[in-house]
Structures are given as C-alpha cells and as structure tokens.
Amino acid sequence: MAPGQARANEQGGDIRERLASVRALTEALAAPLSDADATLQSMEDASPAKWHLAHTTWFWETFVLRQHAPGYRLFDARWPFLHNSYYEAEGARIARFARGLLSRPSLADVLAYRAYVTEAMMALAGDPALNGLIALGIAHEQQHQELLLTDIKHALWSNPLGPGMWELANQREEGPSPRADLGWHTFPGGMARIGHEGPGFAFDNEAPLHRVLLEPFALAKRLVTNGEWADFIAAGAYSEPQLWLSDGWSWVQREGVKAPLYWRGEEAFTHAGWQPRYADAPVTHISYYEAEAFAAWAGARLPSEYEWEAIAQGAHDASGGNQLDAAGPVLPRGGTALFGDCWQHTRSAYLPYPRFRPAAGAVGEYNGKFMSGQMVLRGASCATPRGSSRTSYRNFFYPHQRWQFAGLRLAKDL
Amino acid sequence: MAPGQARANEQGGDIRERLASVRALTEALAAPLSDADATLQSMEDASPAKWHLAHTTWFWETFVLRQHAPGYRLFDARWPFLHNSYYEAEGARIARFARGLLSRPSLADVLAYRAYVTEAMMALAGDPALNGLIALGIAHEQQHQELLLTDIKHALWSNPLGPGMWELANQREEGPSPRADLGWHTFPGGMARIGHEGPGFAFDNEAPLHRVLLEPFALAKRLVTNGEWADFIAAGAYSEPQLWLSDGWSWVQREGVKAPLYWRGEEAFTHAGWQPRYADAPVTHISYYEAEAFAAWAGARLPSEYEWEAIAQGAHDASGGNQLDAAGPVLPRGGTALFGDCWQHTRSAYLPYPRFRPAAGAVGEYNGKFMSGQMVLRGASCATPRGSSRTSYRNFFYPHQRWQFAGLRLAKDL
Amino acid sequence: MAPGQARANEQGGDIRERLASVRALTEALAAPLSDADATLQSMEDASPAKWHLAHTTWFWETFVLRQHAPGYRLFDARWPFLHNSYYEAEGARIARFARGLLSRPSLADVLAYRAYVTEAMMALAGDPALNGLIALGIAHEQQHQELLLTDIKHALWSNPLGPGMWELANQREEGPSPRADLGWHTFPGGMARIGHEGPGFAFDNEAPLHRVLLEPFALAKRLVTNGEWADFIAAGAYSEPQLWLSDGWSWVQREGVKAPLYWRGEEAFTHAGWQPRYADAPVTHISYYEAEAFAAWAGARLPSEYEWEAIAQGAHDASGGNQLDAAGPVLPRGGTALFGDCWQHTRSAYLPYPRFRPAAGAVGEYNGKFMSGQMVLRGASCATPRGSSRTSYRNFFYPHQRWQFAGLRLAKDL
Amino acid sequence: MAPGQARANEQGGDIRERLASVRALTEALAAPLSDADATLQSMEDASPAKWHLAHTTWFWETFVLRQHAPGYRLFDARWPFLHNSYYEAEGARIARFARGLLSRPSLADVLAYRAYVTEAMMALAGDPALNGLIALGIAHEQQHQELLLTDIKHALWSNPLGPGMWELANQREEGPSPRADLGWHTFPGGMARIGHEGPGFAFDNEAPLHRVLLEPFALAKRLVTNGEWADFIAAGAYSEPQLWLSDGWSWVQREGVKAPLYWRGEEAFTHAGWQPRYADAPVTHISYYEAEAFAAWAGARLPSEYEWEAIAQGAHDASGGNQLDAAGPVLPRGGTALFGDCWQHTRSAYLPYPRFRPAAGAVGEYNGKFMSGQMVLRGASCATPRGSSRTSYRNFFYPHQRWQFAGLRLAKDL
C-alpha cells in the first residue's frame, strides 16, 4: 500500500485534532511492545513495529517539514536511509529484508523522534495550503497502523511461546452471526460509476471516476465463515487440483498449505495469543488462491472490484462495522456489514483506471508502480482505522499473501 | 496457452484437408532438426521440439481417438505419462523441467507415432459429430507450432556456436517500413462488443461476447521499432527506476537486463543464427515490464485488450500481415498490419470475461486455470500459423517472459 | 577427477598400441548411444557422453598436438570454449551446467573430431620425449571412460522409460559371493609407506611417497552387500539422527533420502535398464554420509586412505577383480578382491600429502585445486578401465555424491 | 563448536569460584546490550546474545541440575525447546534460523533464569563427583562467551549506523608489532605426540593422545598482518583464479568477495564501531579459502594442525598472549605469541583422531557429529576467555566462514 495524492481541501478546522489523534493512536498500538518486540521482522513482507513508527514520522519530515517548515532541522541525518520505504526519488535505503537488523535506534529513540516531528507538525498544521498534504500524511499513517498490527501479529505468531500483546476482555461481547443462509445483494446490470471524485481525500489510484458496464449479479450479504472453511477442508479441497488456479495449486504444493494462516487445531492466533476459533466468525488470513478455490468449490465466484463498489454505493457506511477505534485486540466478530471484519478478495487485478495519472513528485511517485501482479481487495478490516476506509478504496496484495485480515464474500451471476 | 472448446461446427468439407495440412506443417517445421536438436530443453518455460511433436499427437489420441475410434489401440501405453502437458484429469505426468531428459523415444519413434495417429485420425475425420473436437485439436496443434518455433529458437541461442536451422534466402525481400511518424487509429469512446460468438472456432476464454465501455483513445498505426528501442537504451532507461513498475525494476536488477532478449551488439539471434538487426523492423522479445517502461518513457501507454480488439474489428484482416505460411525462417519485417510480425503487449491482466464458463471435461479443463498472474497479448506474430489468429484471440504470458515474438504498439488517451 | 603429471618414462614400445586401444574403447563405450542420448546432461555433476568424447580429444589437442605437432591446425577454433573442463589457464569455457544445451556439434561431428586428432596423435606417439605426456593423456581419457559410464547411467535413469544401452547376456555368469562372515585383513600397527614413487605413471596427488604411522587395525575382506544394506534400512537407519554426521542428517532430510541411488523396490537401475537386485552383490551408489552412518550402525568404522593403501600393498593386484575390459554392461558382482566392483569410501579428507607440489603448467594446474571439501575413495570399480587403477590411486568426491560406483568396506581398531 | 567430555577430576577447591566467575563474565559481556540488541540474529550462523545467555543456562539445567539436584524444578518447562542447540537426544528444538524471532522471553526474563540456575548450581558445586561435569559446563559456557562476542559483532556491523557496544579507552596502549621479517619456529621432523591425555579438562575430540610422524617444517613466528593483506589485495589476488582452491574461487565469485569481512576503506568494524585499521595488526575475519590463497601467493603454505601443536608444545603458554580477561572491546593487537589475537587456519580437515570415541550420553553426543566438511583452527583469539585455551584445543569451522577472529600464520617445508 502506498500513499497517493490528496485531491481536495480538507476542512481546516479539525485537521490539527485529527493529526494529533492519529499520531497518538499509532503510539498506543505500539505501547504494549518491548524494544525487542518492536525490532522483530519475521518475514520480508512484514516490517518491525519500530520501523512503522519511524517510517510514518520520516514521511512527515520528508514530504512536509523539510519543504514547508522554515529552518526545520532533521532529527538525525543518518535516519532517512533507514526509514525510506521505496521512494526512489528520495534516495538510497536499507534493503527491505534488513529492517529487522536494527536494534538501534531504540524504541525510546524512535519515540523521541516521533515527539520531535509531531511538535513540528502541530506548529504547521492549520495552514490551509497544507491541508491536502496533511490529509495524505494522515491516510498514510493510518495505512501503517493496520500494517503495524498485521506485522506484529505475524512476529508474535512466529514465537513458539505464542505471546499476546493484549488480553481479551470479553471476546463474546458481540454475538457471532447465525450460520444461516447467505442472502444476496443484487444488481440488475447496467452502468456503474466507479472511483473517486469530489472534495474528500482519496488516493490517486481511486481516480478518475469513470463508468463501467456491469452484467446482472448478486453479492452475498455476509462473509464466508470459519465453519464453512472447515467444511471446505473436510471435503479435501487442499488435495484437489481441479479446484485451484494453476499458480495456486503450485503454491499449495510448494508451501504445504492445508489451512488458513494462523490456524492450529481448534485455535487461531490473535493479538491475544492462541484463542479458540469460532465457527461463525468470518474466515480470515486466506490468500487469493484460497479464496478463488473456495468460490469454485461453492459453485460461486469472487466479485470484481467494480461489482463490490457498485453494491457498496448503496446504504453501506464505510465508517461502520467492525473497524479499529482504539488500541486493543482486533478480532473478526462475524458482523454482516459490508465494511469491517476483513478485506474481501476480488477477481480484479490491480491495474490503472482509464486516464489514471500518478500524482506528481516523489509523494505521488507510487501507487502506480505497484500495478502489476497484485489483486484488489475491497472493504475494510477489524484492523483498519475507522474513518480511513472509503467505498472507492483499493487495497492490493500478491495472490499468495495471507498475513492481512483478508476473507471473502461470494458473488454469482444473475 | 491451452486449448479450450470448439464452439460450433466447422464445415466438414475440408476439415480432412486442414487436418492433414496442419499435421504436415508441424513435421515440416521440425524437419531441419536432428534427434539431438529436437531433444533439447533450454529452460523450464520451453519444451523440446520432440515433445511438441509428441504432445500434439497425444492430444489427438487422448481426446479423440481413445474415445471415438472403436478398437483404437494406444501406440505405446507408457507414453501418455511423458506427453501430457498439464491435464490433471488425465493423470500423472513427467515434471515439466524434466522434458529435456528424454532421449528416448527418439525423433524417429515420435515421427512413427505421428504417422500412426494421423492415419487413425484421417479415418475418423469427416464425421460431422467430431468437427468441433477436430477444430479444437487443429487450433491446439497450431498453438504448439508457434511454441515449437520459439522454444527451439531459445535452445539454439543457448548454444555458444549460435547455429541456425534454416538459411535466410533474402532477408530484404520485403522492404522495411520507413521510420516515420506513428499515425493513429482512433476510437471515439463508447460501447464495444468484445469476445467471440458465432459459428467459427474459438477458445473458451474468448467467450462470451459482452459489452465493454471504452473512453476515447488512439492506437498507433505501427509497432515500435528496433531503432526506437535503441534510443530507449541510449537514454539510460534500463538504469532509471522511475520508468519501471516496481516488480519490473526488481526483475531488471535481479536478471541484469540491459536489452531485449536475443540482442548482441548490432545483431539479433534468429532461426538462421546471428543476423544483422534492422532499425526499422519491429522490436520483439521484450517482456511486459519492458513494454510498460518504454510506453512510460515515450509519454504513451499500452492499450487494454478491449481497446486493441475494438480497433481490430475494423478493416483489419486477422489472416493478413506477416504470419507463418510454411516452414522457414520467421522474421518480423516491419509491416504495419495489425496482425502479424509480433504479439502486442496490453495492459490487461488475463482474467475471465463476465459469465465465462470453462468447457466441460478434461479437454476444456483449462484456459481458466491460468487466469492468474499473466498478462494478455493480442494480435499474431510471424510465427503464428496463418488462419489460427482471430480478432478475439487472447494470448497470455507472465510479465517477465520474453521468448515469444512479443512487441508493442503504443496507445494514448484522447 | 583431474589429470596430473606423468612422473616417468613409459616404455615407448607399446604406447602407440595403448593409445589406439584407449581411443577405441572410449568410442566403443559410446557406440550404443544415439546423438540425442549422447547430448543429455541430467544434472550439473554429470556431463553428456558427447562432451566426454570431445573433451578427451580437446585434451590431446591442447596439451600435446598444439605444442608438439608442427603445423597442427585446430579441428575447429570455436570448440575449445565448449570442451575445456576447468582449466583456467586455457581460457574461458562454457558453464558446466550448460553442457547439456549443445545439440551441435553432433555426435557424428565429434567422432570426426576424434578421428582427426587420433590420427595426428598416432603420428606423434613413439617419440620418447612425449611418453610422459601421452601416459598422462591416456590416464586422463581412462578417467573419463568411467565418468562417461556413470554419467550416462544417470541420464538413462532419469528417463521414466528406464532405457538400457546394453543387454545383459548372462548376469549370473559369475556366481555371487556367499553372504558369510566378513573376515579381516589385519595390520599390526607401525610405519606405512604411502604414495607413489618410481618409474610408472601416477597423478601428482599420489606423491610424494611418505611415511605414515598407523595404529593396529583390521580391514574387512569383503564389501558390504545389498542384503546388509537392506537390513540397515529395515532397522530404521534413515530415520535415526544419532547414526549420522550432522551434515549427513541435514542431507537425508533435505533430499528425502531413503535408500541408495538407483534402488526401486526390489530392483536396481543398470546400463541394461531396471534389473533385479541381488542381496549378495556389493551395495553401490551410496554417499560418504551413508557409508559413515552404516559403519556407525554396524559398530565399525571406515578405514583411512592410509590404512586402505597399507593393506593393498600386500598381495593385492590393482589390475585384478571386476574392472572394465570392454564395452558392455558393468555390474558389481560380489567378488572379494580389494580392487574392482566399487570404489570404497574412506574417512580421509582429500588433502595434499606432505611436500605435495602441483605439476607445472596448465596440464598439471589441477588436482591440488580440488583439495577442499571432498573425501577420498580408494580401489577401483566395475567401470574403471583395467590397468588404470593403482594401489596409490586417490579418487575423490563430495560427501553427498552418489552417482559413482561407490560402496564400502568396514574397518575396525585392533 | 560442541562440548565433549570432562576427562578427569578438576581440583574441587576453587570450582565454585570458577563457576561463579564464568557465569558473571557471560553477563558482563552482555551488559552493554539492550533487550533489542540481545534479540538480533543477523545470519543463520550466528545466534542472538540472549540465546547464548539462555542456552548456556539450559546446559546446566539439562545436564547437571535435572539429573543431580534433587527436587530441582525447571524454570520454565516451555523453554528447553527454545534453548536446545542441536542435541537430538534432548528432543525437538526451534529451527536455528528462527532464534532471532524470539522477543520473548525478554532479556530480563533470561537474566532471571540465569540467576535461578546459577543459585541452584552453586548449591551443587563442590561435590567432587560432579567436578568433571561442571568443568565441562564451564568449558561450554566459555565457548559461548566467544561466540556471543563474535555474533553480536556481526549483528552490530549489519546495522548501517555501525553502533558499538563499548568505547575504546586507548587502542594504542600496546604498541603494534614492527612490520619485520617473519622469523621461523622450526621442527626437525620426526614423531610428535598429538592430543590430550591426563588429569586436566579437554573435549573428547582432543583425545586420544597419539603419535604422528612429521616432516621437517617451519612455522612463522608471527601472524600475517593487515598490511600484508593489503598487499595481497593490491596484487589482484581476488581476481586471480589460479591462486584459489576451486571451491574457494566459486565462493569469491558467488559472494563478490574483495577483502576480509569487516573491512571498509581504511577502517575495520569492531565492538567499538568503525575504527581505523592498523597495518601492523594481525589480519582477522578471513575464511579458510582466503588463508589458503594468501599462503599460495606468499609462496608458503598453511600448517597442519599437528605441526601447529608440535610447535605449541614448546615454551608457549596457552594462557598467554592477547586473550579475553574481562568485558570490553576485543582487538587483535599484533602480539607475536602463539596463542591469542586470532585463531589460525590449518590445512587439516576436522576428523577423528585414531581410536576416537565420542563421550557417552547426550552430553557427549557431539563433537564427532561435526566431523565432516569443516577445517581445524588452532590457538586462541582475543575473544577467547583466558584459561579456556589449550595446546590440544581443536576449533573448527566451514571453509567459507569468516565471522570468527580467524587469521593465519604461514608454514613451509624444510
């Protein structure tokens, strides 16, 4: 996920509050972590929590303060090399797989860096000329909040002790969904307006607004559940090549995949360690390949991203459902809202919309450069900061990746 | 590339002639090869020429003779294991990378196999009930004719001696195109009808016919040339990350890519060995990543497969241009026809059309299973058997692959 | 295996006969092979038969003819690049793993090359000044005769059809050894004279002659058999880490090793295809790791190379036993001679003898450079040309390699 | 490196003091490290500092307390899985490359574990029946003290900031050696007594004492220096295949090696970060391949381990020279003592001595199992705890490994 371009003025009134709140939430998410926890990189796809804390800060320093704050001095001139993610225009950077070798700067050093930059940003924020850029920085930091959560989950799971970072207060607070018939949202076919236009913030890859012709289809009213996935396993699906895409079957065999990531017996790994798995909760941590095979097994298919968006434009609230409000354990709980719980695999490759133009300059260097080999996921997950999801939001991952809260919602032709 | 489903009756009158002619052309293409030449597998993507000769024969045996020829006896019961490509429903098969370890059966054995099966097929052909299936087999064998040519080209290139399999009679017979302004085919925007419907043969992945809404765009009247590619290299494009997709840039660095495949100094490798390279001939043997970077550098973009097809539905003859008529050296010569010379990269991922249904049974098991991770190419190349290309034909390869005759034709928004 | 230095004059009288005979035997060994058979390279460790035919010829051309035959013209100036094995001083060469990509030059071309060079050599041979060099070339070609046999065996085994290159006339001609008590050769301890000195030919790595102090030990009078190996397997040895060297256990797990190479059910692969396996025949095609684990399981150990040589200096005939006399299937048959049937693993790393000096010039560039990471095997195998083995001969391979006729003879302390 | 067997009673009088002192030194070495520093694993060969702290403690718990301390309760029953190194007889264990994924237990937890186990050990120590086992545990922990230092050095070097863990008080305190003629220790040839026998502690791989016949030779009186290595580089040695063993040349090319590990411009990395490199200090952090190539270039050779030991049996004090006395930066300083500064590569493969018997039980399961593929180094380094080195001590590493303080001392034939 990469930041794009702020497309319009945000209302200046509360941008300082939003900025302060976002900076504080990032720190709250990392608060249970020790220096060592925050240093771990358990695979190349993931980054250390400390890196997320620092990279989001580097982003403000590089794209706002360095250019717009007169007399601003870098916190440490050696650090941009460590905290640049992939911005070629911003110069050399540490290899991605080596982010986990950085015991220094320490967590305390990084928190001091955050305080220094937040203070400088608070002095700038409020200038209407910077609202677009600040809205972008906020969206960027919110993306990294979700990644911080999914990356540290993978790191803690990699430890045979299975440590948690939070305790579950009351997992059953919200009742799980009944394991009932799906129910379907339907669309009669015709023209849909897809993408973002207007005053609110969106990334460049959501634009421009354009029309797409859709055939009649239906989209399930709820997500596929753990219980349904257990049936899929029991039916031998992981041993049946005819259910799988060719690349997916190669992946299953090469990696010895037999179940979703984070499953073990009747348990699933969570930010609160190993916990019982509920049959009625949405299945998560599945790859595109798995989602596609399940849909084939179920006699259905995945929706396209256009279909998903067309349904979402109805009475569905992008700020609703089970999304992240505050630091604490995040769990898919089985709600039926279109947003929340988990990202939903689509059959759409991540490609540019017609007349797509990447934003100018380094800050907008990228979304476009990732438009190859990845698939689009739509919606929002229980780890998505509430307020950062949009009907037009396009998330994207490689088809084998599973460490995000990714599940599926079936579709069918009408 | 995988075979799909015959959608309609072919006219029975000449199907026996077509069958005989296709069988003969395959053998003519392999005629200059020694037993050892025909055994080589120079990379996992490629197959030995002998394997193509045998696999196309296995196809007739497995999907037609075994089921429709009463009393048919397999030529050798041990061979299906060797010559099945990827049909899971047809049982176990040799690992793809091990196809090059088969010095036995010999080329002579395989030619005897071909004669045996062709004779059995000629006895069956003419039964109208089999016309659809035979049309499919013909299309399948034609696909493998092109692969035989591109695979053996790679194998011969891998030999430091750079041997050719044919001589060039007169490379300049057709004059190269002038290096002139591009010229553009334009489309005013609106609804396009995409895909195949009707009585002729097509693969299942070309169906169903459906409507797609297109924005106004233009498609270049000619292909990008070797000379233009040399300018791209001279401009330092292979060292400039900002021109590349992220995956493409990783590929360039990992593989040390500096030019199209088969370039060496001022020469290019051909079926007639190393030959001078003509500036005005179309550039070929480039990956999707390279095509995409070139388009970015040129201030243009790649067309979508829908855009390409919408233009092709005009006065463009899918049987025209520089395509394969007979055994002999195949060379892009710089014509301006929409079909021929080289396949053309599009920005479209290879995905199912709306309401796509894979054909039933093993024979139609696949096109669908390859719908992940690959990109669509359109048109036809100088190695495509004339008559096998169609306006709706969808070729597909992974974005790093280069051993096909693949080039590009620029597009732009209007 | 690499050639070294001829240490003394050979008797000039029959060197022309020996040369002619060796050249003819190499060709006889390849006579059953088709052009395609002779082109196969089934793994990086192995080379195509055609390559052995050509490389041994290149050796004569490079180290004898080019320097000593006035006016000699290279057969083809492009071929040294293809047929140099690893002589850095002789310039660039094709990558080892790419030897299997050479369908050209053809087998017929290579045989013509052989005839051309043999003729030139026959004109030179007889000059006493060249006897040492010619003896080296003969020894070199004999080494490659054995490699040709073991490499083509691997290639044919890699074909699921399991083709043979010869028929077994009468496998039982020599009766297998009784499965009896081992019996032991003993050595009372004391000084042994190790290595080569004197007028006969030897490689540089066999020199200089030196003394080694040995403790009292015993060496088994026969080789370990297939039947004993089956007991080792039945005892669960391939699942018992405590029997294995650490590197060996990693190898067993990584490669999934469960039996010697070329075993399948009750059969073993031979140059005559799959054949029944005899319990009393010596086990072969085992790695050093396996030999070491078997010895540990059997409560014995492997001999050192010095121990082996000390025993061999008794009444053991290096030209005796089951060695290669003529083209035809080679099979370990269970004799009890110290030489023949199979090479015998020792616990000695392949390292220089005290005061070892590599031979001067490119021809003697190497034996020394391989003195790292490999283990010494002693004796001779059923594929070793009779007359090329010596009491002081040191064969060497990496501890995981199995494609040679390598077995074991137990030792113990006294 | 693996522990072996205590061969004799240690004097009971001060074993409690030695135990306490060793436990304290381990902790002092780790004292400058943060929790995050102590968690880093920068390559598979290395382990986190925290793991060394815990593994040495597990060793006492597993091999002494669990068996000899009545009523002893494991500190945490889940931890043996984490802290077993390679003892198959002690059950399953975490994969070696995953040791760096353990942010928990924390450094504080591990220090509490150490205190708990040290206290239990102090209660046991003094019982003469346990003296042998305790001597073994002390030797084991001393080995890990050196590894802790070399592993954390690699981890800190992997950080682009190049942090140090200590400051250099006065690097020049001891003057560097003059860059003078080598001078030679000589040995006239004859029988040498090699290995350990007698009352003191030694590992099982140092036994039994046995005789080896040596040719006359000389061993340099000082180590090869950084300045001499710079000359080797300047002479183009890293580009000259003829100087290298075949495996070594492959390694140089594959890894792009151009200098010793930890060299950068005129600096070298130390536990005090990047520091100027002194020409007269011994070169360290070189592989066996590099040592071998240097010796070839210098017209000398490496000594065998027997030669080294024969010289060391003279008036050379195994407790002398530049070895580790207390926590603080360790640096090769250029002394000429036979022990200290750096381990010295030998040309001897790490193999069993005649009549070698591995110690019984899990504790002595191993030294023997590593006797394959590794080379012996002799002496001691600046990171070797003084008192743990012996004339008969055999250190061993793979020929490509460089992260130890390994250098070379030339030898030559007389």
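Letters A, B, C and D name the chains as they come in the text, with residue numbers starting at 1 for each one.
Everything below uses one rule, namely that a residue touches a chain if its C-beta (ideal position, glycine included) is under 8 Å from a C-beta of that chain, and two chains touch if they have at least 3 such contacts.
For clarity, every value in this text was computed on a predicted model and none was experimentally measured.
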**Q.** Where chain A and chain D overlap in contact partners, by chain label
**A.** none
Q: Go through the assembly and pull out the chains touching chain A as well as chain B.
A: none
Q. Quick one: which of A-B, C-D or B-C reuses the A-D interface, over half of the residue-numbered contact pairs in common?
A. B-C
Q: Could you work out which chain's C-alpha centre is the most distant one from the centre of chain D?
A: B
**Q.** Whole-Å separation of chain centres (CA-atom averages), chain B against chain D
**A.** 59
Q: Just give me the whole-number Å value for how far the CA centre of chain B lies from that of chain C.
A: 46
Q) What is the distance in Å between the mean C-alpha positions of chain C and chain D? A) 38
Q: Over in the complex, which chain A residues touch chain D? Could you list them?
A: 34-40, 42, 78, 81-82, 94, 98, 100-107, 155, 158-161, 163
Q: Would you pull the chain D residues touching chain C in the complex into a rising list?
A: 86, 88-89, 191, 210-215, 241-242, 244-249, 288-289, 292, 347-349, 351-352, 354-355, 365-366, 369-373, 399, 413
